[in-house]
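Structures given as structure tokens follow.
Look for chain A in each of the two complexes below; its partner is chain B in the first and chain C in the second.
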Partner chain A sequence: MSTLRKIDTRIPRTPLLWLAAALVFTVPPMFGTLSPWVPALFLVTLALKFWMEPKGYRLRLALWKLILTTAALAAIFFSYGSLKGIEPGVSLIVVLMSLKMLEAHTAREFHVMVMVAWVLCLCGFFLAQDLSIALCLLIAFALLLVALLQFHRGPSRNTWWPPLRTAGILILQALPVIALLFLFFPRVSTGFRLLMTPSSSAAAGFSDRMSPGGIASLASSTEVAFRAEFPDGKIPRADVLYWRGVVMSAGAGMEWRARQAPAALSPSALRPPAGETTRQRITIEPHGEHWMFALDWPVQPPPGALLAPGNYLWSYQSIRKPRRYEVRSFAQHPDKNLRQRERDALLEVPPSISPRARELAQSWVAANADPRVIVISALQFFRAQGFRYSLSPGEYRKNDLDEFLFERRVGFCEHYAASFATLMRLAGVPARVVVGYLGGEYNEFGRFLLVRQSDTHAWCEVWLPEAGWTRVDPTSVVAPDRVNLGFDSFLERRGPSAETNTGAFARGWARQPIFTNLRLAWQTLNYTWDTRVLSFDAETQEAFVANVDLTKVPPLQLSVSVLLGAGALYALFVGGRHFRTRSREDRVKGLYEKFCRKAARRGAVREAWEGPAHFANRAMTLLPNESERIGRLIDAYLKLRYSAQVPAGVFEDLTREVGAFPRGKQ
Partner chain B sequence: MFAKACHPAHRARVNNAADAFTKQICEVIVGKADAVKLAVACLLARGHLLIEDIPGVGKTTLSQALARSLGLAFQRIQFTSDLLPADILGNSIFDRELQQFVFHRGPLFSQVVLIDEVNRATAKTQSALLEAMEEDHISADGVTHELPQPFFVIATQNPQHQIGTFPLPESQLDRFLMRIELGVPDRASERAMLLGMDRRAMLKELKPVFTPETLLEIQTAVRQVHASGALLDYLQDLLDASRQRHSAGLSPRAGLALLHAAQAWALMHDREMVLPEDIQAVGVSVMAHRLGHDLDQPGLSGRTLADALLHSVPVP
Partner chain C sequence: MKDRSFTLLRPARSFAGLLCVLLAMWYAASSQNNAAAYLLLFALSSVILVSIPHTIRNLSGLKVTAESAKPAFAGDEIFLPVEISNEARAPRHSVSVSVPGSRGDEERVDTIAPGKGARVMLRFPAQVRGEHEVGSLRLATVYPLGFMRARKKLGARQRYLVYPKPGGDPKLPSGSAHAQQAKRGPERGEGDDFAGVRAYVPGESQRHIDWKAVARGQALMTKQYAAEPSGLLDLDFASLRLSDPENRLSQLTLWVIEAERARRPYGLRLPGAAIAPSLGDTHFHRCLRALALFK
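Let's look at the complex of A and B:
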């Protein structure tokens, strides 16, 4: 038995290595989307294969295969609760591929593995479509090609470069076809974004409720929230980059929430005011909620959204795929009137607020009843009473305003915004909380602003007579740099004493100009990929096709482009011919091989090791009718291939003689 | 037979001289045209020749015929197990009149050295030959002495299973461009030999075919025979294959030997370029003694391995 085991190893090591390399590159999209055990099992079996193959071990018994397959099916069922759907389906393919690796040992099975691996590449795109994933899968695809090439080249040629080059050439040749298919192949309306699984687009970012600790938990998330371009070229200063997300006007001390399904503002409020505007083109990442972001103040909602009370954009459908829209923001708030009913609603405070907080607010009113002075007093309170800004302020007992205001005095932006708004209401000033993003990282290469989840911020708006709604950011009093520098720089500025000092060193390195530039370039590429490739859906395609409609092009332009195109093709043709004459040796060889094929059909088969003169002699005796032609032919061939100087016309002789050599019957 | 288009005049002359040389030796060694041609190719390629066979098939006769026909001064050394390096290189002897040591040159100082039964000598003597064969000079008593030019070693040896032989080390074997075997003549040739003149007498009758200048001209012409890229591809494929298959593959020196021998072979067949067939014709003689030491395949002779190599590496 043991001797038997060692004999039938039939998959050579080099192609197996290429295949393994390719398989490793198919793994990244699986992490984070599939149950972690699935890619882990995949990698383990891959490693196992390399341990087993030299020893000749493999999965043989049908019973074992049956048991393992059943176990895998059960594991998938228990992990996902079903065998239907994208993720269980992909998991199934991955697991079966792992088992196949354990049993594979013939040439046929090697082919099966390569084919399944190609399917895995495709499945990778079902799971994620980032640029990095796409690059990974492209590498995997190319490596599979190399593995297949290497497998067919046989074991005698173990150099790694030729199959790699051939694979590269094949892919380059495929590029025009890829481009054509990309541009013109009809597609479903979602473009390349395939989000068939609601679970994978789980809510990212903040929700319609704000309670202590909610935003702080986002502070470490580097996920992209959205990207904004400024088509007019006006980039606002960092300290006014307040991106409105949602306005929360129902408050209870430290906890605030927004309206579930807001009604649209009355059309009168949508009248654009005079003054400066900032145009923004925003590409939003899916977050599962309804908010769409804009700088202060948006007045006209983009298609598919409404302007909710509080002047924030509210999408009719929750955002589950990336969306691109354009919005204009006005420097001035459009509405200068606050009706009594609205005013009452904005002054509501729950009865649970403690007398101590009420007294504090009343003391400011007693000092000066002017709302502006009250706001200043409140900010003065935060500044003077030793409040601290902290990412991890610790747990507060639910809704305990007093603990924050009078005892601990440590908080994150949501603590300040919530307590400030509550205090304003207690002092009789209409106030609300706005949750959104502050700042962002401007990318010089791509000319866009990248806003991450860690830029999430909460601030307040108070109603001042005459001025209307006015933004007040109590956090800026406690930690001014947070507003002026942006979140990352703010953390860095705080130095090693900051809570996140573990990453301070790495962060310092990441701030080196070269890394910053690389990072920005990478972000730009990602952005381009998202906006140009992934968002190329049916609509965009239609618009594109309509654009290239030839009937609309002026005839002169059309003829010029046709001429130019033909010229380019001709240049390519001539270049190609030039290139070919340089490798005439290959053409001579090709002609000789053609002659050998023709001779073989007539019974004179050349052995691979046989030299040309030797073969010609044999062929002349085997095919006496053609002996003269063979003599002339081989004479020309030997001169072309082996001699130092080739007289003119010999190549043409060879071409003619090979062409004239009768093909004969099979 | 093919591709004789370019005929520089002197190539024809060179070729005629080589032909005459071969013909003369074939008169002495009957029925062994192939072996003789290989031997001639070896000398024209400026290589040392090793002739291996059982006693009595004409090894010494062939070597003597070659030496005499070359028209060069030659010496014969019979190797025995008690032969010492000084016996072949020479001795320093004290001269009373001059009051100093004077080096007396040994039999190695000759243009052609015939070594009979080279594998009967001990390793010490064999290694003394090494320097002479590769460097064309010898060292004795710390002084380097140049050997006369041209310098050929034509050695004969008995198969190694015979009693009283010391196998030549690989380094020594590698310095022989070719090893050829004669084998027993076929029936008709043997009859001709039995009826014909005494071989010893014939040897004495042999006249030199070449002047030293002609020999030099031929040897220069050999190196000028064209080896194209395609041919070198084939040659290198052979070398690569030997290195992949055998623990001791062919050395770069073996590659050069193969090329030079094939060039000589092509010239002898009146061709201005080397064909893969030339390499195949000289291949076994050049490669067999170099491949015979494969530890992985102790049962197979070098001849079998070389033959297998030539019959499996495709001609590109």
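Let's look at the complex of A and C:
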């Protein structure tokens, strides 16, 4: 007759709600990186779960599970073309989690779901790592703790605050441990690497090829390209903020390209020239290519990079996570020699260039053979012939140099740079195209310059005798404000024609000081996250540990000893909780118990059922010598315990009487 | 008076899964050299570490008292009411109690407010007849996160009685040498005519329980059938023809139950003890107690 009750093992609703809230926060990194149906399916199953749970529906049949799993696998395979790589892998985890959610119903499966959700957080960090995503995922992490807490607290109603509070306490207490582990936990690199490079997510930024329309497509992207600090406090003027990305010296006409894997410049070219330098500390956002940025002109490459011909920085490994480095730029170009072979290469022009363009170039040479004058004539040509600067100049094909130069005369910076360099070569002046960024937004809070993808720019460099490589920006002739003001302000200057009225209204609001400040503060936070957290990798850690270390212990040993020390502190903390101070009420009780122990040793043992007054009466008869003391003692105890208002000194009386009570046998 | 027992800590069942997750995180983070993944790994492991003192503290300030348990027959279950009181200043959550060494389940209390108590009914199988003692109770908790389990033993003395398992022949013996005054020969403990119901006596055959009444939500009642008037029964340990004394005790127990059910006065004769024939609840339990404590 003992098994008449039913054991309810279903997951209570409140923890499930917390879990669902946590899962919603794991979704944002999935949008934009995974196939859209994957996060959509995830959200739908989440909603479905809450519809099914009260009705008692769930996925029971093994056949259904098998069919759904196979269908999901097939769908993933068809959307990505393979099951390898990070996106299909994460999609698989997400889809399996969705199915698990439909199936799970017992208490033990709740733990499984929470752990899978933690794995989802991890996957999120492989998809994206910006601060906003990280905040989402950390919120999800915290909500999962709340879900677990609520789960173990049992089905209590209307108590959303206590589990939140406990989770908060746990996280606050964990913070120092997290910081210690983050700084000192040995980042051992596992031998073989999983190839989890994001395959399809097109990293933002320009490529090694410049063709018409390529840069214009970036002009609307507000994504961050990199951020630069100027540790010396010298912030260059806006019109010289030319951030060198890649030098394209091959190709001509409207299409230019860079070398695939450039060789390093000879050490002689790396000799730093005299003159003023600008120190920059740069944090690049991952762009999947090898470029690293620096102001004109870098001479010494930072670790892990080389200085490619054309004096641009080229990282050995493609940049797939935020990277921080320091570089110095010189106001003058270091190399004043150009060998004949290089010169020939820089004058190459494909035969497909039309005779009309050749004639134009030759006409300048005929007028004056001095390269400086040729450059000026070319710029004069752009200035005087009605060229216009436009973000959407219409489509040009690869060989449309003539159409641009002589007919439409509308272009973006890339068109001007490409055509200018081609014309220079036709005129016998060595020229090349540089793609990088121009300008940036200075953040007063964080004291850094933020450069966005929309700041992408292309310009030219020409070789002038004596002066060497000289920067010429044909765009500056056509649209001088683009160079002086920065791209955003430039667009604004052009008046309302480019935008609708509502857009202008929103933009006006966004320009309010409070929003500007908020925006700047958010950028600063982002910057701190990127520079302090994301770029703290194994190498940085090694440098950090070596820096902290004063006694020249090997870094690994230092890490281990710091962690051991922290462990000892932690053990002390745990031990200390056992001996924490007790409240007054506890102390009164402790004193009474002490009295009981002393009395017991002299033969008056308190029974478990006995109240203090009854026991006192009995003890007085058992221990007649102490009867007065017992009377006073119990009086004080009863007052302390049961009176509404305790006169002063009673607690001290009790302490004294209990202390004075003789111990040992009579 | 003061509990000086140690709290023992060990990983809970779900810890294995957690370890897998942590390893996966570590592997993924280190193979990609991904600082954000490392951060997540460290956050998770730190929170687990920090939760350990919370788990230990969740058992401090708790006291348990075992209340008296009703006797049960061997093979049945003992129901032991236990009171857990929280003398700490903070609420305690998800505390489970069990009787160490018994094969019973543990009972869980979700929340005990400070200064309050909670009652649970522990069930565990009664195995051997005789008087037993619960020496201590085990408190355990996995709160707050469920990955670590702390437990400690607290003294809680309580005795309970296990009656012998009823067994053997349900047919009551014919009037023994001492029951010559019985008018008739052997008789069945029950007749054919329904005569009413009375409270169910634990250990009784379940065949006559008034299940319809149970279905109506009433207490367990046994249907009684009119039996022929009966003589005194004298149940004698010595006169049984069973070799094993435990079997004899089982047989006697069954007869005591059947006789009580048939409302036939019965007496019990054990080596060194004799109980005069009588009927009724007190007599019934007195006989069973004598059988349970028989040495």
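To be clear about the criterion, the second predicted complex is superposed on the first by the 351 of 666 C-alpha atoms of A that agree within 3 Å, B and C clash if a C-alpha of one lies under 4 Å from a C-alpha of the other, contacts with A are read in each partner's own complex, and residues count from 1 in each chain.
By definition in this document, a residue touches a chain if its C-beta (ideal position, glycine included) is under 8 Å from a C-beta of that chain, and two chains touch if they have at least 3 such contacts.
The model shown is predicted, which means the values in this text are computed figures rather than measured ones.
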- Item | If touched residues of chain A are counted for chain B and for chain C, the larger one | C
- Message: For A:Trp609, using the defined touch cut-off, is the partner it touches chain B, chain C, both, or neither? Pick first, second, both or neither.
- Response: first
- First, second, both or neither for A:Ala225, with chain B first and chain C second: neither
- May I ask you to decide whether A:Val433 touches chain B, chain C, both, or neither, giving the answer as first, second, both or neither? neither
- Task: Pick one for A:Ala72: touches chain B only (first), chain C only (second), both, or neither.
- Result: neither
- Message: Looking at A:Leu638 after the superposition, I want to know if it touches chain B, chain C, both of them or none. Which is it: first, second, both, neither?
- Response: first
- Touching partner for A:Val112 - first (chain B), second (chain C), both, neither: second
- Message: I'd like to know which partner A:Pro647 touches here: chain B for first, chain C for second, both or neither.
- Response: first
- May I ask you to decide whether A:Ala147 touches chain B, chain C, both, or neither, giving the answer as first, second, both or neither? neither
- chain B/chain C common contact set on chain A: 156
- Message: Help me check something: in the complex, which residues belonging to chain C touch chain A?
- Response: 1-2, 14, 17-18, 20-21, 24-25, 27-28, 30-40, 42-47, 49-54, 56-57, 60, 76-77, 79, 89, 93-94, 108, 110-111, 123, 142-146, 220
- Note on the structure: Touching chain A in the complex, chain B uses residues 1-3, 5-6, 226, 228-231, 241, 244, 272-277, 280, 310-316
- Message: If we count contacts the way the header does, which residues on chain A are in touch with chain B in the complex?
- Response: 156, 585, 589, 607-614, 616-617, 631, 634-635, 638-639, 641-645, 647
- State the interface residues of chain A toward chain C in the complex, per the touch definition above. 1-2, 108, 111-112, 115, 118-119, 121-122, 125-126, 129, 134, 137-138, 141, 145, 148-149, 151-156, 166, 170-171, 173-175, 177-178, 181-182, 185, 187-190, 192-194, 196, 321, 533-538, 570, 573-574, 577-578, 583, 593, 596-597
